[in-house]
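Listed below are the structures to be examined.
Okay, so chain A shows up in both of these, paired with chain B first and chain C after.
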Partner chain A sequence: MDKVVKTLKEAIQLAGVKDGSRISFHHHLRNGDYVLNMVMDEIAGMGYKDISVNASSLFDCHLPLVDHIKNGVVTELITDYMSGGIGAQISEGILEKPVQFRTHGGRPADIIKGVTPIDVAFIAAPTADTMGNMTGKIGKSACGSMGYAYADAMCAKKVVVITDNLVPYPLPYPSIDETYADYVVSVDAIGNPAGIVSGTTKITRDPVGLVMAQTAAKVIQASGLLKDGFSFQTGAGGATLAAAQFLKEIMLKEGIKGSFGCGGITGYMVDMLNEGCFESLIDVQCFDLKAVESIRTNPKHTEVSAMRYASPDAKSAAVDSLDVVLLGATEIDTDFNVNVHTNSSGKIMGGSGGHSDTAAGAKLAMIIAPLSRARLPIVTDHVFCKSTPGSTIDVLVTQKGVAVNPARPELAAKLKDGGIHVVDIFELKEAAEKLCGQPKPLVKGDKVVADIIYRDGTLLDKIYNVR
Partner chain B sequence: MDKVVKTLKEAIQLAGVKDGSRISFHHHLRNGDYVLNMVMDEIAGMGYKDISVNASSLFDCHLPLVDHIKNGVVTELITDYMSGGIGAQISEGILEKPVQFRTHGGRPADIIKGVTPIDVAFIAAPTADTMGNMTGKIGKSACGSMGYAYADAMCAKKVVVITDNLVPYPLPYPSIDETYADYVVSVDAIGNPAGIVSGTTKITRDPVGLVMAQTAAKVIQASGLLKDGFSFQTGAGGATLAAAQFLKEIMLKEGIKGSFGCGGITGYMVDMLNEGCFESLIDVQCFDLKAVESIRTNPKHTEVSAMRYASPDAKSAAVDSLDVVLLGATEIDTDFNVNVHTNSSGKIMGGSGGHSDTAAGAKLAMIIAPLSRARLPIVTDHVFCKSTPGSTIDVLVTQKGVAVNPARPELAAKLKDGGIHVVDIFELKEAAEKLCGQPKPLVKGDKVVADIIYRDGTLLDKIYNVR
Partner chain C sequence: MNTLKKASCGTMESSDAYMELEPIEAGTQIELQSVVEHQFGDSIRALAAEMLKEEGVENVKLSIVDRGALECTLRARLETLIGRAREEAAHA
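== the complex of A and B ==
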């Protein structure tokens, strides 16, 4: 009378995995996830081939996937982000079909529309009951929000819940409920807590980073958006976190009552909530233990699905109400196109995640990046890979000045009025090249290793192998 | 940049209502609802005709609907329950097409499957923000759970949120979120709080009712189901509430720790939660203010969608995990088929609601009914209208003995062992007829006024007009 099956193997069989199946995973356990490897090893052991894996993100803990690719067990990858270890292998061309990169908003939209139908979703659940009601808020492997798993649960033909904290029915207030669950498997551990919420992201102490962060805060102030009702998203990078810190100081000093903080949530955002800078947090993913603790206990800290976070097909998403987003870049070109997929060697080491979703939605989309990294200029004529279209980027903040997208002259005027050192993006490119010299252009190979699919489903760019 | 439109009329226009549209409503505001009439009056005033109305239930506060039917504005009704004032008119044949009666679980299943697609859902929201995130837990018209509105929100082409408590974005932890909302309309009042949660349901003091209630509690005890992990649903009728009260006393005395209480939730169920009889409540609808206060403040009191409550198409629903449900009947026949749609005159005055869903799901589905009402026997050869199939009913409790469905001999044996006075259902029929005489059979008219559609989509019965 319940949905608990004894072994993962039995669940895989019951769910009907077969050659050519598409299976899916969420990435809330981040670099501590055990579930993807556990499932893939089992599937490989059962002799299945030609599996398509749709994982909301892939981390280096998933490196065993490389062997499954080489053995023909996995022949298709769909993801929003891929860390450098796996990315380097993909860039060498180990997979015949190009990886399909989507955004955190585009992924659920395409699952719901049926563009990327899922046969079996394997959902790592920090707590689940015997009928498959699940939550990420409690359990030894608590990850907080389970936002990226909603679309998988709602749309997959079969849903297998894998938990290391099986509780009696009914689990109160599940994140995802039993109406979507087919089977429940209890395992010893779904992840390594140290990797799930690494808690290592710290505000930068690098002087260049601090200059950029302070400038970013001033740009937001000068934009006129920093007033009561202000809403804000920032990533977990050191410089963007520092910018959030400066912003918080301004908000507290000036008594500005913001509306919401959004996105992947860090303890810094939780502090801003608790200190009154925001009325609430909209959380699709927790980055650290403080965020997990907050979403568990604070009713103003709302768990949301990836659809509500960022889907372009939702009737509205949180990103559509966002005032300001602070984003990073590995490259930005003079048309403000941004690369967050590849590193300076052209190898895959990232992905859009929510980058292009928030850039499209926010009133002010700001890139924070130093003029150069490892003696390579950040501003280029053409990005090696277009992750986010320049039309959605409003401003680039560097340590040597702020470039405003020429499509936003009214913003440039406001920033100048606010005393910001506004420069032409070509000047920043020249300044960088003066420092570093003009870099040798990367030589693209002849094999497409990844397609960059924009949030609206169009093909934005292709990534080629590296020679 | 938000979804607020100035008037209901504008929202109706923007949502594209036209001749022949199907629109929907939920019934959480019960007999205090203003929204259905408000919308229908506006639509009538705009000159639209041939509207299909899918309302999860209809109460006598919706009597103005009768005029809209007579004027040809409304030509189709789909509902799960209809109170006597409207029911009497329908029974006279004012509507050309038969009313489609579904169950609380079948309704969302058919909406989601596309059997009854909705053009525009009008959702009364006790609190909503400017992007259409909504909750029933707060606001002057708070109704608690909004469980019946989920399918409408998720599947309607357009969703209009109507609220009398518009709050800034983002409302934390909405019941239904912005991804589904198209337009938001602010009005003075969505309902009359006195009618929303009447709070008038009291435990019966009628001696016959108390005898039946005590017997019902003993039957549950004798069935062997009353042990740790016990789960339970009861309606809001006086005798079933009294049975719950006796059950609570047994549970407290014997230290039995139940699992969950389910269904439309009353203050009596809240007391059972608070006194430790249950670990949690699963709430698709709040019947009184105590339930509303509890769902707002107690994290063990979980709001659920109608799908999670009772959908036969969900991978599981709460009713599937239910041990015992106590239900009423206007008639029950010797095959245990139950009528809850028509009164002794054959006129419509009710509907299945969750009756057949819980009967199908629960391990023990019990009807509590007196042998006769107003000098008419309750047990008959054939019910005038089959609302719930006898195959799903396990036992009938009357003041003169307990009849067990012959398909459940092991249950009959247990009850006898437990000292319960078990009788044949034909004996109960005879006893009733001895008291009241054999009633004159109702004469059916020749016009079908309603179809009873079972939770699996099959046609269970038809209701004819009354001559």
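== the complex of A and C ==
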């Protein structure tokens, strides 16, 4: 039996791609990924039309996809996140069908349930053997965890493994093993290493960001959750990372031994593991080289599938055991609904990722955001689009005080006892408007450009084009 | 009314604005590029027109690249810009 195929074109033919096929990609190579473009160019060259692309996220390195959409090669997009370059084009309405936005937990759940069945999964593998055992931990394009590719590998009708480090059988310790792989293709490069770790954000030095971060750490302390066994996830934003840094200081000073850190993992979380703040890291995606190095060498740094990370259909997922998650927002409304999909012009520049999964699972879901950004108040009457329901958000931390969801009076009482400046969310909105002026609301167009599908499969909101 | 020379002020940092003022033959032109055009474009143009009028500045082209500056910032930048344009003219 020989799974190694000479060319990508041959693999596409053997896997049976045809007009109307749904194909899938993972995003562990982030903004350095070559594989999606490589496959799409080949498919376009072979003359196929009406392809559905299910990619766990799309970055601006994938801008050539725009041409494939305009040429009718791609007629459906399913994703969890989309950077601003592609997002702006989608917001213009270049795609007839609305983009389907899911969450990092909802995507694998719907693949497994057969809501979004995949014909062919193209899996970028930093290292693979001749039978398709693969890992992201080694190779020149190492990305660490391959968590988002598991559901695709397990459920697609055909699986094509694309690697730039083909090794003899058997590869020890594969992430995803040969039982799922149909074909293996060797290429010169699956990605640009500089772009693979481009998502890393440095800790903020902005004084406003630092005030918010310090307040967030104090909120966690005052909530009563910061004790032995504590579990924690943070996004990779500058202020949330700074909050993790302050939290680490408190944990070390008070000798608190947490249980696990979760999520997309940065070097800052690796430091917390190594300094004894956590027993282990649960890692669905590595954000930087330090995280990649750690997952390769430290058995306490565990690679997990997107299902174990966040699936609402799993018997349990890591997010269900989370104490605290720190998240960002482009807007939050007075009902605590959060927008992470669109920018101040109403154009797509993001997506849920694991935002709403972790907010739903964590005991304390915190948003950190400044009162305003570039003259736009963060707190609004109604978010332009609802990415995460307000019922799952517990607090909003700003530089001018902390607003607690009115559904959590016991939490508000604890924070006040802990010396936190607790304010009404309406006060924050007024304070921002006093500073910025009253912005004219965006006018929605009449074409739906994206559906936001909540983790349970319900339609949470629609994104319209902008006039 | 003093004559004016071309002048500039401000930065392209977020929450600031960069502006240029230069004399033209006749009339007052205001050009605005703003990251908050949807929300504040009209009010920024109105503010600029009002301040030029108050200062008695005419026959100029004013270009503003706004990166989400607060109104107080825009006022301060405009005041400086007009002052510089007059200073340049005085030194010429």
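The rule we apply is simple: the second predicted complex is superposed on the first by the 465 of 467 C-alpha atoms of A that agree within 3 Å, B and C clash if a C-alpha of one lies under 4 Å from a C-alpha of the other, contacts with A are read in each partner's own complex, and residues count from 1 in each chain.
Keep this in mind: a contact is a pair of C-beta atoms (placed from the backbone, for glycine too) under 8 Å apart; a residue touches a chain by one contact, two chains touch by 3 or more.
What you see is a predicted model, and the numbers here were worked out from it, not measured in a lab.
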**Q.** Partner chain(s) touched by A:314 [first = chain B, second = chain C, both, neither]
**A.** first
(Q) Applying the document's definition of touch, where does A:80 land relative to chain B and chain C: first, second, both, or neither? (A) neither
Q: Would you sort A:293 into first (chain B), second (chain C), both or neither based on which partner it touches?
A: neither
Q. Which partner reaches more residues of chain A, chain B or chain C?
A. B
Q: Once the structures are superposed on A, label A:131 by its partner contacts, choosing first (chain B), second (chain C), both or neither.
A: first
Q.
Contact-wise, after the overlay, does A:280 reach chain B, chain C, both or neither (first, second, both, neither)?
A. first
Q) Which partner does A:302 contact after superposing on A: first (chain B), second (chain C), both, neither? A) first
Q: Check the residue A:179 against both partner chains and state whether it touches chain B (first), chain C (second), both, or neither.
A: first
Q. Counting only touches as set out at the top, which of chain B and chain C does A:159 meet: first, second, both, neither?
A. first
Q.
Taking the stated contact definition, name every residue in chain A that is touched by chain B in one complex and by chain C in the other, in rising order.
A. none
Q.
Could you list, by residue number, the parts of chain C that touch chain A in their complex?
A. 14-15, 35-40, 42-43, 67-71
(Q) Taking the touch rule as given, give the residues of chain A at its contact with chain C in the complex, in rising order. (A) 344-346, 373-376, 435-437, 439-443, 466
Q) chain A touches which residues of chain B in the complex? A) 1, 3, 131-132, 159, 168-170, 172-174, 177-182, 229, 259-260, 279-280, 282, 299-302, 304-305, 307-308, 311, 314-318, 320-321
